[in-house]
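Chain IDs A, B and C follow the sequence of writing; residue 1 opens each chain.
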Amino acid sequence: MLVIVSIAVYWATNAVVERSLREGQDRNLQAVAQVILDSAVKTDGSINFELPYQAFEVLAYSAPERIYYAVFLGSEILSGYEDIPLREHAEASSFGDIYRGESTRFVVASKSIRPGSSESLRVVVGQTETSYQKQSSTIAAWIAFAVLVSFALLALWAELSLRHALKPVVAIEQDLIERSADDFSPIERPVPSEVVRLVQTLNRIFEQHRGLLQENRAFIAEATHQIKTPIAAILMRAELLEREVEQQSRSAVRDLIIRARYASKLTTQLLMRATLTYREVLGAREQVDVGALVASILRTLDPVAEIKDVGLVGVDLESSDLIVFGDRIALREAITCLIDNAIDYAPILTDVEVNVCLDDKRVRVTVMDRGPGIDTDELGETFDTDKRSSGHMGLGLSIVEKVAASHQGQLCISNREGGGTQCDLLFAAS
Amino acid sequence: MRSLVCCVLILLSFQSYSLEIEGEFFVGQGTDELTLIGTSDFSRVQPVFAGFVAVNQSVRIHYLQMSSREIDAAVRSGLSPNIDLVMSSAVDLQVRLVNDGYAQPFDARFDQQMSWRNELVQVAIEPVVTIFNRSSLPHLGAVKTRRELALVLDSKEEKRVSITMYNPAVSGVGYLLSRQDLIQDEHFWQLLEKLERHNLKPNCCSGDMIDQVISGQSALAYNVLESYVLPRLENAPLLDILRFEDYQLAIPRTAFVPKQANDSDLANRLVNYFVSNDGQSRLVPSVRLDIVQSNRRGGPIKPIRITPALIVHLDETNRRRFFNRWNDVVNVP
Amino acid sequence: MRLLLVEDTKDLADALLKHLRQAGHTTDHASSLSAAEGFWSSERDAYDVIILDIELPDGEGTTLLKQVRASGLPVGVLVLTARSEVEDKVYLLDVGADDYLTKPFVLDELDARLRAVKRRHIAKPLVTKEVGNLAYDPTNRTLWSGSEQLQLRSQELKLFEGLIQANGWTAAKEFLFDHLYGLDQDASSNAIEVHVSRLRRKLAPHGLDIETIRGYGYQLKVRSVE
């Protein structure tokens, strides 16, 4: 677009400048021709005239061009360059032609010598116009360039002023990008009147979302409290009861305890899953030292393992390059789930082994138990529900899978040589 | 060093056209021959050629010395294919040849004061002075302008003396100088009338006029080439130079490369060398280009401008008008 | 142990109190934050561990937790929470809880965590029994490597005590079995071997070996430093 404009400007300017330069050149040539013509007098029957040095010098001074002249009486040449192509331009007072291989302007001045005679004295003065043309195209090029630059500056200015005008909007955009997923506070940045309504609308949406989210979280917390506390009381009373009842009723109480525990576990996991979904929206990521994380989990779970008289062995947790970029809490919960599950299924006096290592740019968390393992038929199936032959893992696997998926990770479950299960949880190392 | 000199007037045949060649000279022993024609005495340009050949060992310069008219005719008759460079002090003829399209542009870019169209460039300069015999004209020492010269010659005290100057009808240089005098000085015809009132005997050449003044045959010579005068001063105690303060003419010696030059590249190199400090230093000091800027006695040097306006001097009508007037003033026997 | 139980749910509090007192712990009970603050301000030096519910009718349990930590006293705090929201747990640890229990929990786990929390706040006594590079504190039943406490499970601790009772001689396997399980408990016969191997693993970094005397028992040996 700009190029087309520039070409058009160049072309138009060139034409205009060339014409005005040509007019100027013609005037100069005309003046010289006229001086020669005016100097012509008839003495002793012959025509006498003078070619004025100074006039030619002025002409020459304007440009380093070749100069030609000729003086004719009728068709007879009196002086000068007789091959000037006058005949082709008989009636013209000025004309351009290619003469001696160069584009040349000629001007003709004439007057009749004798009254009534058709014979006239004609003076032709010519000058090549190479430098005029060059000058013209140079001027045109400069003007086209100036136009181009002006346009570019104008465009730049427009861009800058637009950017300036949009600055508050861009700032709001940046605010929104940087805002954390659970930040629903209103935008308080001062904005120009044009976008006030936009910001008001955004703030209203924030307000509504914040209300909904808070309601949701409050409901979960309340539900948790409402469900778990009575279960806790039931469980505890059942346990106390177990110690007091007769031997024959004890198995019924035991059954009650097991069911209550399962209900409690399911509740916990259900709420955990809801929480993790919410955390995924938050997108809170950081550098997590998985080795240290596993060591901390093992400390927390050791009393649980002790109750079951199951050993809990952590291997190689001190390596410093076991770093994953992720949500620390989600990772903690997933690994806790796996180990907790392994403790649940590990037979008394066996060990649950946990180790963390770097495996081809991935951090691998391995949890191994000597439990009953899983049916090989079911290996490779989805782990939405637990398929372990004895008991249930509840929603545990679903939680682990969810965390693995949100961290571009992977969960592999296999049977161990010599019995038991091995769970490998892999995450991309940071 | 003159490597080969043959200084004979010979008639050389160029194709079917006979040219009058005043001398043919060679400088250098290389295989790349550079042919140039020029008006200058070989002895004046030989040191420059020698300097050029010294740094361009492969070059042999072939110099043909001719009159300016012969050069003009040679170029116009289409003999120029054999010629690589044309160097002449007849600046009017040189300008007309370039105007008529016989030259090609130089590779180097020359100063506009020194060149025209970058096709014709000034390579040396010939200041013009007036000389007189101190015993014949004892009162002339105090003269500063042409007007004063006219007054002194007009005074009753001066006896009638013989005076000489270029005959414009015979000498192209003389004609050019007279035309330039007319452009510079509107009273030039009056001055001529004063000279004529004594005994004006126009002459063909600077050398002859200097001889006449030294011998006392002529008391004064108007417009002679300074470079011819200076070497004579030492052995001619009565010879004195008059440098006018109104203006001092100088004739540019110019060069161009003909369109059909055999070896335009070599010609360009020679021209570049000629105008370089090294080349100029090999010329006698009075003809070097920088003489224009130098602080010398008398008025400013006004070199004839290299302008296409010079072609009007060569126009037959203009010549006729000039000689009509000249013949009215000067009583040529 | 002297305990303070802060729990507002009556059913749960009753059951817990019953269990803790049966287990021999002197336990005070507060059913609100203000009551708990009352107990704390009057008896602050008395408690070994505070079992603290977070959701209280008149405020957050963390208020008391912060007071306890600000006092600088060696009191363990075991937090009970019904919330399973993980960030809450992490937060509780950050503000100074020693451990937490998510409701519902089993009593065994409560006991295990109580023990662990108590041990965390036991300072190394001036008089200890040196065993190789380690120091044994029979009063609080803790084992130290320098100023650092070794985390031994109760079975492992009992085993260790059995071994040092042999005083450099071999402890008979039967003796150790009785020491661990008492006469009336039935346990699998290889239990001793398992515990020995676990204890061995924990002691090995500190220059102590448990040597197996085939067919008879085990002997605790200080590895000679070359």
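Here is the rule we go by: contacts are C-beta pairs under 8 Å (C-beta built on N, C-alpha and C of every residue); 3 or more make two chains touch, one makes a residue touch a chain.
This structure is a prediction, so every number in the text was calculated from the model and none was measured.
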| item | value |
| --- | --- |
| Taking each chain's C-alpha mean as its centre, the one farthest from chain B | C |
| Closest chain to the centre of mass proxy, which here is the mean CA position | A |
| Centroid distance [mean C-alpha coordinates] between chain C and chain A, Å | 57 |
| Gap in Å, rounded to a whole number, between the CA centres of chain B and chain A | 77 |
| Chain B and chain C: spacing of chain centres that average the CA atoms, whole Å | 126 |
| Contact footprint of chain A on chain B as seen in their complex | 99-101, 112, 116-118, 179, 183, 305, 307-313, 315-318, 321 |
| Footprint of chain C on chain A - complex, ascending | 220-221, 224-225, 228-237, 239-240, 257, 260-261, 264, 268, 271-272, 275, 299-300, 302-304, 306-307, 309, 311, 313, 328-330, 332-333, 348-351 |
| Chain B-facing residues of chain A, complex | 48-54, 56-57, 59-61, 64-68, 71, 78-80, 100-102 |
| Complex contact set, residues of chain C against chain A | 9, 11-12, 15-16, 18-19, 55, 82-87, 90, 99, 102-109, 112-113, 115-116, 151, 153-155, 188, 190-191, 194, 198, 201 |
